[in-house]
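This is the structure, below, for whatever I ask next.
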Amino acid sequence: MPVPQHTFDPPFNIVRASHAVLDVVDLDASRAFYETTIGLHVEDADANTVYLRGSEEHQHHSLVLHKATTAACARLGFRVGSDSDLDRAASFFAAHGIVHGFVERPFQGRTLHATDPFGFRIELVAQMDKRPHLLRRFDLYKGCHPQRLDHFNVFAPEVQDTINFYARLGFRLTEYAEEDGENGRIAAAWMHRKGNVHDFAITNGAGPRLHHFAYWVPNPMNILHLCDVMASSGYLANMERGPGRHGISNAFFLYVRDPDGHRLELYSSDYQTMDADHEPLRWSLRDPRRQTLWGAPAPRSWFEQGSVFPEQEVRPALFSADVRIAD
Amino acid sequence: MPVPQHTFDPPFNIVRASHAVLDVVDLDASRAFYETTIGLHVEDADANTVYLRGSEEHQHHSLVLHKATTAACARLGFRVGSDSDLDRAASFFAAHGIVHGFVERPFQGRTLHATDPFGFRIELVAQMDKRPHLLRRFDLYKGCHPQRLDHFNVFAPEVQDTINFYARLGFRLTEYAEEDGENGRIAAAWMHRKGNVHDFAITNGAGPRLHHFAYWVPNPMNILHLCDVMASSGYLANMERGPGRHGISNAFFLYVRDPDGHRLELYSSDYQTMDADHEPLRWSLRDPRRQTLWGAPAPRSWFEQGSVFPEQEVRPALFSADVRIAD
Amino acid sequence: MPVPQHTFDPPFNIVRASHAVLDVVDLDASRAFYETTIGLHVEDADANTVYLRGSEEHQHHSLVLHKATTAACARLGFRVGSDSDLDRAASFFAAHGIVHGFVERPFQGRTLHATDPFGFRIELVAQMDKRPHLLRRFDLYKGCHPQRLDHFNVFAPEVQDTINFYARLGFRLTEYAEEDGENGRIAAAWMHRKGNVHDFAITNGAGPRLHHFAYWVPNPMNILHLCDVMASSGYLANMERGPGRHGISNAFFLYVRDPDGHRLELYSSDYQTMDADHEPLRWSLRDPRRQTLWGAPAPRSWFEQGSVFPEQEVRPALFSADVRIAD
Amino acid sequence: MPVPQHTFDPPFNIVRASHAVLDVVDLDASRAFYETTIGLHVEDADANTVYLRGSEEHQHHSLVLHKATTAACARLGFRVGSDSDLDRAASFFAAHGIVHGFVERPFQGRTLHATDPFGFRIELVAQMDKRPHLLRRFDLYKGCHPQRLDHFNVFAPEVQDTINFYARLGFRLTEYAEEDGENGRIAAAWMHRKGNVHDFAITNGAGPRLHHFAYWVPNPMNILHLCDVMASSGYLANMERGPGRHGISNAFFLYVRDPDGHRLELYSSDYQTMDADHEPLRWSLRDPRRQTLWGAPAPRSWFEQGSVFPEQEVRPALFSADVRIAD
């Protein structure tokens, strides 16, 4: 199957993955998990919402926890280049029959909501309230020292169409997993806007669902320490997979589940991909190093569970290729 | 079951675990594994034997690889305090009907061989040829930077008797795993002479067999790097378990198998145990954190496989308590 | 003094710092230094030239060592977005009276040489021969595991004009050091194209000269190990400054001198700067944390010495503000 | 000068360096420093005293802070093997005219105070209240994760006599620095009881004074993080030397000063020395790698300043060899 070619002239300029908005059923429990154990910085909070960010982030928040009756991934947030990109995006969505609308959100500039043709709920912002970064406030570092939100990874039933849609929005392919043979189908794709391995990864599977969102941490020792801390503070069952090394993206990773089961990846290492002639790396679905360079298998939950999006019905995957591919 | 009390007045003074002697079927393959991948320093070699040591070791070797037709653990070597300890040991062995005898070994002083009542073949030395340590030869560091041989861990069918025997030789208990209840049997024991967690660990299981020998490495990053190196140089199948954290001994560990299947642990961290009133730590067999603080299970091979000793028939375990305890 | 505003619509698209070309007097000594001690991968070599790259780099080389009678920095190489950017660059240079010309270089596509108005010799390429990256070839990792060339830092006598020139080429300011007071002059600027702290830093000082080029390494342990290796393999005198933490860029750094005295920075950590509204961080020249968060002073050589460019006369700095600012 | 030979048959059995007792003028400031920034665990505290320990220590405390009007090192505490060793020690002191006496101290068993012939105030204990170690309480880890008190280092004017005295008590020499030439004097000695590099180091200099006490930390990353934390929380001026690598002991080190100026070393790495034939390593006073493998010089304060002992007059060094040797 031909590898999707991204456009160099997208209809509007998405800069990067920016923030996740999660519905959580026990706000205190979620805040304790992300603030004390993971180590994100709480920038603001009220009775229904907690706003957090990583140490290098200048923006007000990269994670929003909303109190809700049902756990879900409310929105995947992306940063666009400028305010006019928001208008161009609205025009593009209108021209393509995509449900969208401007909303107001605290601490954010104009915010454009949209539900893509596959049911992924996104929001676009050009501006967010600024805060001084906390990189040099080492006295505040906690948990695994999360530095910035890096990417989202979703389960998509119509994986090829979803990839094609985001390629049209300018997302570039860096790595992909494919069935062998002439008619081999792409089963997962890692796509970026910001110049590293990914802002958005799309995996064959029942969806639309969020597989995980990921924070970048400075080094593997921070991740090992998080394992120790989680094991000794009542979060043993929340450690789902890792630590280990992915073949894909070369990341040192740990996957943990928050109190609602939302999956968070802590990961370190990466590489640059901004050259115009950067070529995507193909993985055969049969190459086990893709998922885990060191050989340890991932648990079944990791392949099957994910966060639903509110009001979006989950459809089964279109094909039954081994779905054990999402990294 | 009462915890064995070690004697403070042993019949002879064993100082520490000193060296392992392994029979290997492909000497070149074994040398390549231990020298290039693990990173031990080859001090001497001839057509049939390779002598290796870690970077801090002043003694000529802590690992001897002997070419043989069958893989086996030939000897577990211990250092005694002085030459007269060798004579005291010989007297003790004679008095207790233990097969023993002095032999000559290259690069070693007088060497006393003995086969303990349970079939474990040991050798005692008071002196070994000295070499300057290599700690400051960072330019020679390779692999995971192994610094010193630390301990042995064996499968013993008569686990309580074996523990009692070594307690009588002055080995002190630091941690042990036990069945719950009044008549709970001890299923594993970690015992030391040198003042850290262990020189010799004894685990319930078919034996006499060696479960593993272990080298201490400076920090977890060295172990993570070894994982990466093994995964990318054809040793993926040799990575058996880890990396992870043991509850027991608090060690950060990786277990790998050499080309003959001999099991090597690379581990980091430890703690001091030389105080006279140091009390052993009891683990219930039901506490899963004992083996793996982070929750990932060990593979079946890790519980079942080990290296035989030459000419020693393997007997089944005396009781069938969950044997999944050896760390 | 007003902070220079970069243009969002540059005359041609520089993507990032790409490669350094150094004149060295003893090619064997330089190769040994960069290949064995630093750990760069030699991709090609002939009697007069050695080509090296870091583990994540797909391009044929990021460092070129040329045998020469005098040590110098021959060229600072930048990657542009496409072949047409080279033509646009040539037009821009022609229109502004900048000496330039297309040349042929092995393993590179069309190569445009130019000497900027201040005497910095640069070369632009849109394409370079590709090689598979070596990220997963952990068995080849050596030295400090350098992963990619990251940035250049130069001494410029006309520091404000030089900053302005590169801002016009689209380089964005991320951090800068400034004299206090209304008429305080900018004494150093860190500017980027690729979305992290810098591709090109410009420091007040006698020039044009190269202060250093920098490779990104995965974590501080790699840098500590390099210190140990250099100290134990005859390079003690080549360790000029560090290890330490910069306030600027938050980098964990080590500065070393190669056999010709060219200065190489190994550094780890960084942060993202690609948001359109990212604001530069101002440092007062009086804030010592700018240079060294931990307080240890840099040696005089670090402030005063640098690599000349061939045929470019070195001019003194225009003003005598404390030049001790280049990081 | 002949290297002192320790006795294998000491008059009483000192097991290891156990605890330091410091007089501090601002108890709250000292507690904040050691608890929050360094990361020791406060086990008990009252209005005049704070008791702290490292994560692996089973004993109630390894550091005692006493409120006092003048800063001083009140006592250097050593653990002996058994209660009868205390009586043997008292007899030995009596026979040699050494001022001594039994005292009661909270949380300690019988405590024997003594002032050695050179003015060093020590205290010996065979027992201390026990607490479960905190190794697996990773959720409590703070600062640099100090694990155990490791050693003391003192300035002694009569350096050779002091070394001889402690050799007679069974302390074994592991490394020493000596003037070159036939009559070269020993200027510093590292001596141990517990089987690693040192429990007690003795350095030529005005004394009796404490140069530093040291805690062992798991790895260099913990020390780098402490540097970052101290720099960002108002303790920049308290960072006196390092991070760096000693030639002596191979330790990765950082020296910091507490609010009273007492010097604390955080260090990682070490090696084993318990073999009966372990030979001391000689350093020439002219070998700069002894102090700092990486070349960075120590500040003058580090060579000259130390903590006095109450009521002990400080005498000048007996000879003026370069005293810049204490590591």
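A, B, C and D label the chains in the order they appear, each numbered from 1.
Following the convention adopted for this analysis, contacts are C-beta pairs under 8 Å (C-beta built on N, C-alpha and C of every residue); 3 or more make two chains touch, one makes a residue touch a chain.
As the structure is a prediction and not an experimental result, all values here were calculated from the model.
Chemist: Please report the minimal path length, in steps, between chain C and chain D on the chain touch graph.
Modeler: The distance in steps between these two chains is 1.
Chemist: Tell me, please, which chain's centre (mean of its C-alpha atoms) is farthest from the centre of chain B?
Modeler: Result for the farthest chain: C.
Chemist: Could you put a whole-Å number on the gap between the CA centroids of chain B and chain C?
Modeler: The mean C-alpha positions of chain B and chain C differ by 50 Å.
Chemist: So how far apart, in whole Å, are chain A and chain B when each is placed at the average of its C-alpha atoms?
Modeler: Computed value for the inter-centroid distance: 45 Å.
Chemist: When the C-alpha atoms of chain B and chain D are each averaged to a single point, how far apart are the two points in Å?
Modeler: Roughly 32 Å, centre to centre.
Chemist: For chain B, which residues are shared contacts with two or more other chains?
Modeler: Only 136, 219-221, 228, 231-232, 289, 293 qualify.
Chemist: Would you mind writing out the residues of chain A in touch with chain D in their complex?
Modeler: Listed in rising order, the residues of chain A that touch chain D are 136-139, 141, 219, 221, 225, 228-229, 231-233.
Chemist: Along chain A, where are the residues that touch chain C in the complex?
Modeler: Result: residues 15-16, 56, 58-59, 79, 81-82, 126-127, 130, 133, 135-136, 147-148, 194-195, 218-221, 247, 250, 268-269, 271-272, 274-279, 289, 293 of chain A touch chain C.
Chemist: Can you list the residues on chain C that touch chain D in the complex?
Modeler: My answer: residues 220-221, 224, 227-228, 230-232, 236-237, 239, 243, 245, 252, 289, 293-296.
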